[in-house]
Every structure is written in C-alpha cells, then in structure tokens.
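I have placed the structure first, in the form of structure tokens, so that the comments after it can refer back to it.
Note that the chains are named A, B, C, D, E and F in the order they appear, and that numbering of residues resets to 1 at the start of each chain.
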Amino acid sequence: MGQDVFERGLDIRKAVLGAAYVEKSLDAADDFNRDFQNLVTEYCWGAGWGRTALSLRDKSLLNLVMLGALNRSTEFKLHLKGALTNGCSRDEIKDTLIQLAIYAGIPAGVEAFRLAREVFAEIEAAE
Amino acid sequence: MGQDVFERGLDIRKAVLGAAYVEKSLDAADDFNRDFQNLVTEYCWGAGWGRTALSLRDKSLLNLVMLGALNRSTEFKLHLKGALTNGCSRDEIKDTLIQLAIYAGIPAGVEAFRLAREVFAEIEAAE
Amino acid sequence: MGQDVFERGLDIRKAVLGAAYVEKSLDAADDFNRDFQNLVTEYCWGAGWGRTALSLRDKSLLNLVMLGALNRSTEFKLHLKGALTNGCSRDEIKDTLIQLAIYAGIPAGVEAFRLAREVFAEIEAAE
Amino acid sequence: MGQDVFERGLDIRKAVLGAAYVEKSLDAADDFNRDFQNLVTEYCWGAGWGRTALSLRDKSLLNLVMLGALNRSTEFKLHLKGALTNGCSRDEIKDTLIQLAIYAGIPAGVEAFRLAREVFAEIEAAE
Amino acid sequence: MGQDVFERGLDIRKAVLGAAYVEKSLDAADDFNRDFQNLVTEYCWGAGWGRTALSLRDKSLLNLVMLGALNRSTEFKLHLKGALTNGCSRDEIKDTLIQLAIYAGIPAGVEAFRLAREVFAEIEAAE
Amino acid sequence: MGQDVFERGLDIRKAVLGAAYVEKSLDAADDFNRDFQNLVTEYCWGAGWGRTALSLRDKSLLNLVMLGALNRSTEFKLHLKGALTNGCSRDEIKDTLIQLAIYAGIPAGVEAFRLAREVFAEIEAAE
C-alpha cells in the first residue's frame, strides 16, 4: 500500500487521538519502537481506519468493545476519548458498555465503567 | 426488570435471530437449561438489546467483533446472519472484520473471514 | 424477574461485599452508570448469586478462578475479601489459586498470589 | 515431588476421568507426548488435584468455570463427566454454568449449556 | 510499505505454508475477502515475517505458542506444518508445547498436543 | 520428578531472573504461598525451563509473546529482563514484539512496547 496509506493513516490518527498526542508519540520514537510506530500508523490507521464502509463513529464503538473484551485498559481510555472526538454521545457509549458487559462478562463491564468515569473526570478537570 | 423486559427481549430475539429458530430453542428447553434460556431472553435481549441509544445494526456490528475476539465461532455465525437481518451490508461486515483482525490479531480475522464465507454459502444454498 | 430479584440481589451484594461499600457505589451512581449498577445488582447478584444449589462459599471460589483466568485484578481483590466473608479459609483459597495456576497458567497463579498477599496485608493494616 | 506425587496423581486421574480412559491415553503415549502425559499426571493431578483443602467435587466445579472461560470445549466435556463422577448434581452444575455466563459472558454460557446437553445425551445413549 | 513488501510477503508466505496452498487461497479470493487476503500478505507476511532479526524457525516457534494461547486451532495446525517446513525438529516442537502448557495452562497444552498428533498423522498418511 | 528437578529449576530460575530476586522471593514465602513458590520452582523452572531442546534464549522469546498475548504485564517486564540476561538482543526483542502485535493484535503490541521502554529506562537508571 505504501506512502499514501501511511499519510492517510497519519491524518486519521491525528484526527481521532489528537495531533499533539500523536506528534509527541512519533517524536519520542527511537530505534527500538520507530518501526512499530510506523506499522501502527500505516497498517492500523491507514489500512484499517482508512476504510470507508463504516464511519469513524462506528469504528470507535467497535474499538471500545474489543479493547474492553481484550482487557487493554490504557488503550481503552485513549479510545474512549477518541470516541467522544468522533461524535459518540455518552448515551451511545453507555449502551455500548452494557452490551460489552453482557457479552464479555460483568467484570469487563465493571472495569469499562470505572475507566469511563476516570476519562470523564479527566476531561472535566481539563476544562 | 420483570415480565415486560422479558417480552421485549423475546420480540427482539425473534426479530434478529428468526422466530422459528428462537421458538425451537425455547420449545427444546428442559429442566437443565430453561432458567438459562429465560435469563438470556430477559437480560441479554431485553436489558441489553432492548436499549435504545444504539440501533440493532450497531449492536450487530459490536457483537461480531466481540464474538470474534472471544473466539466463539457458533455464536459468531448466528450473529453474522443476524447482522444481515439487521441491515448490515457485506461491505460494512467486511470492514468490521478487518478492524477485528487488526485489533484482536490476524488469526481472529482469518477465522472470522472463514466463518463469514461459510455463512454466505449457507445462505446461497438455502435460496 | 423484576423487583424481588433486585431486592434479593441487593441483600446478597451487601452481605458479600459489605453494606458500606455497596451503598457508597449506589450513592455515587450518576446518569452514566446508574443503569449498569442496577443491572449488576439484579442480574449478577439477584439472578446469579441468588440461586440456591451452590452456597455463597462455593460461588466465591468459582469467582476467584474466573476472575483470575480473565485477568481482572480489581474485581479479584474485591471477591477475595468476599470469599473470606463467605467463610472460605486461607487453605481453601490457597488450593483454589494453585488449581488456577495449573489450568490457567503459571502467570495467572503468580498474579493471584500477589493480589492475595496485598489483600491479606490490607486486612491486617485495618485491624 | 517425585514418584509418590506421580502415583497419587495417577490414582486421582483414574478416579475422576475413568481408569479405562486414562490407561488408554497412557498406552497411546509415544516419544512425542510421553513427557507431557507424565507432566500432566504428576503436576496437574498429583500436585494440584492431590491437594486436600478442597474436595474433588469443589475442584470439578472450579474446572468447569475455568474451562468454560478459557473456551476449551473438549476438556470441558471431559471434566463435566468428571464432575458427575465426583458427585456434583445437575442442579449444582446448572448454577455453576449460570455463574459462568454472568462472569465470563453470555456466549461462554451458551457454549457451556450446549456442551452439557451433548454430554447428557452421550450418557443416556450409553446407558 | 507498498508493493515490494507485498512481494516479499508473498514469497515468504509461499515458502512457509506451501505455494500450492497460498495460490489456492489467493485464487479463491472474492470481493468479500480479497482486501483481507492482501492485508495478510503485505502486513503479516511482509512487514512481520519479512523482518530479519529472527529466523523463520524462531518465528514459527513464536507462532505456535501464540496460536496455542489464543486458542486458534485451525491456524495452529497450519503453522505446525509451517514449523516443520522451517526446520523445527519434533523435539523442539515438543519443548515449545510444554512451555505453552506451563504458561498458558494445561488445557492449552492438551489441545496443542492433540492437534500436533493430528498433524503428524496427516503427514504420515500423505507420504 | 522430585528433588533433582527442583534443584535444577532453582538454578535456572536464579540464572534467568537473578539470584538476589529469587532468594528474596523464597525468603519472603509464608504459609500461604510457600507451596506455590515450590511448585513454580520445580514445575515451571525445573520441568519446563530445564528441558534441553530449546535454548534459554529461545524460551525467553516464547515467554515474551505468551505473556504479551495473555496480558500479564508484571511478568512480562520480569521476563523481558530475563530475555536480556539470556542474551537476546534488542533487535531480536523488537521483532518478537512486532510478531506479537500482528498475531495477538495491535493493542498487545502497544502495551508490550510501552513496557519494554519502561524496562530499558529502569536498566539505564540502575547503571
């Protein structure tokens, strides 16, 4: 796919996670993680998020239940902020996390609601 | 929640999975699994699917990535048929499974595309 | 199931996790997590824990191995305290965690024994 | 631990899974899997199941929820038969699987109830 | 990354899994799974397997424990054949699966040894 | 297997994780975790790591992808240090983690690279 997929991925990654955050990640890349950062940008954000049959809002909701089911808390919080950026309402996120709790188990739901509360508090504190 | 949640769950369960399939499941319930069948109908379909901030189409897509990540193949196929019933296009399902492959790993994607192909073949065979 | 299941669930939840803890959780519920809190109380504690073929002690031990296998550390610690409340001895918990280590893998066991040690230290500090 | 742990493990393994089944497994061992068979007998059955703070019935129930949560269907069926051998009633197994469904997610429960039905049918067919 | 990564990935994929198998997969690609097949070839086989700090033999062993831990049986068997193609001895595979059993749990090991036996039988039957 | 397996396990455990660390763990063992510590030493380190078809370097790399896939962060960091002790280069670890990201999903990779960075910083700080 190459350079154009990378560029598209970089644009989407910045739009969803915030340009400042992404630029900081890329600037901090060193010999150990630079290849991985590039892979994430091109493959995950370009080849995946760059697809067009689903909206960014749709993909954000998919990510929340996957990250919740896979128990990846740091990434979950990052993508919860991304979901808000992509226009998901709190009611949509609430119903998404209840669907997660039923299908991935109550402890996955408890953890997701706890992390969501942390994210909302961080947003309020930053306002 | 009670009887009304159960009734709403039963209606949605039939609408998504097919009335014939659901009635057969409930008719086949015995002393061992009847309580569980009722629990699934009331909580999973009534209290979860019965919520209104997301569409049935949205919830179908969420289920596909959760069932793919959790590696539940029989349920995945059932809900892939449900996703088609709920109006998801094949292009939307394709992009959903690519998102799954990236976030839950390539083997989850390989399995999901294999199962989807089986479902599509079953549908064509039944036509 | 409805109101009576909710009430039974609330009683059991308080008995296992402590009335003060549960009341604090419920009092802190807001528009975002209130529905989920109610779902947990009715569905998890009423419809699940409220069943009678197994004792509370049995269900506590089941929860420890599930939470350990599913890698949910915060909930694991909460339910380890609940297991003690439900009358599980430290020897029973020890053998439960060794069974976990063998079936879910040594790292699950290492984590579970580490968390148990934290819980025991917290209990001693509070005495 | 050594030979005595191995011998104790072999006795318990035969008692739970059936002497004929275990002897067939051990007789079929070849250069590739013999070490693993011995490891399972000594560590899993001797060092784990050979512990004494929990009953065999307790450990059978723990295994059902772990194998259900870990999605290991072949082993789940084997240990469901073992649970019956160890004196677990169908009502106890039912409540165990409902606890599994709530904590590990509805799809884990659906699969477990499906497998249990298969086991019960196999037992009836053999009678 | 682009066309050269794709070509390198295609070469490695054929070398590990067999040219006939891969060509059959690619020829069978349709509108639904073609993009995914290309993604697998470019990213998984080109960007991943195409890296050079580890040998193909090393990556085969890594894949066996990941696929075993993630419970992906069809892919596990495919990659077990690939491991033999990449020069792994049966003794190396045996010790790899014992390491898997210890870290991911005995049921993961039981399943892996069962699948390995199937693969070895298929290879003998084809000779 | 017994005492000689335990002794071999203790030697390997100290060689990989550091004698000071292991002795501290064993000295801190109490009635609750002593049996488990002994089980880990004999079974995991003696019967598993003590096998000889794979090198310590090989087993370290296998552990990194298993611990990454199983989401066990504390153990992951411990074994990343062990991998360096066992002679794995940073380039080998880098490619191992990229293989993990592709097969277990991008979030597993993100977490693994984050933890690796922490380990490298801890090592530099200690120098």
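We adopt the following convention: a residue touches a chain if its C-beta (ideal position, glycine included) is under 8 Å from a C-beta of that chain, and two chains touch if they have at least 3 such contacts.
Predicted model, so just to flag it, every value in this text is computed and none were measured.
Using the contact threshold fixed earlier, the set of chains in contact with both chain B and chain F is A, C, D, E. Contacts with chain B and chain C are shared by A, D, E, F.
In this assembly, F is the chain whose CA centroid lies farthest from the centroid of chain B. Set against the Cα centre of chain E, the chain with the most distant centre is C. Copies chain C and chain D of the same sequence differ by a rotation of 180 degrees once their CA atoms are superposed, given in steps of 5.
Looking across C-D, B-F or B-C, the pair that copies the A-E interface, with over half of its contact pairs the same by residue number, is B-C. Computed from the mean C-alpha positions, the centre of chain C lies at a distance of 30 Å from the centre of chain F.
Averaged C-alpha coordinates give centres for chain E and chain F that are 24 Å from one another. In chain C, the residues that reach two or more other chains under the touch definition are 39, 43-44, 47, 67, 70-71, 94, 98, 102-108.
Taken in their complex, chain A has these residues touching chain F: 31-33, 35-36, 39-40, 43-44, 67, 70-72, 74-75. Contact residues of chain E toward chain A in the complex are 1-3, 5, 39, 42-43, 47.
Considering their complex, residues 71, 90, 94, 97-98, 101, 105-111, 113-114, 116-117, 120 of chain B touch chain E. Across the interface of their complex, chain B is touched by residues 102-108 of chain F. Chain contact summary for the complex, chain B toward chain A: residues 43-44, 47-49, 51-54, 58-59, 61-63, 65-67, 69-70, 89, 91-92, 94-96, 98-100, 102-104.
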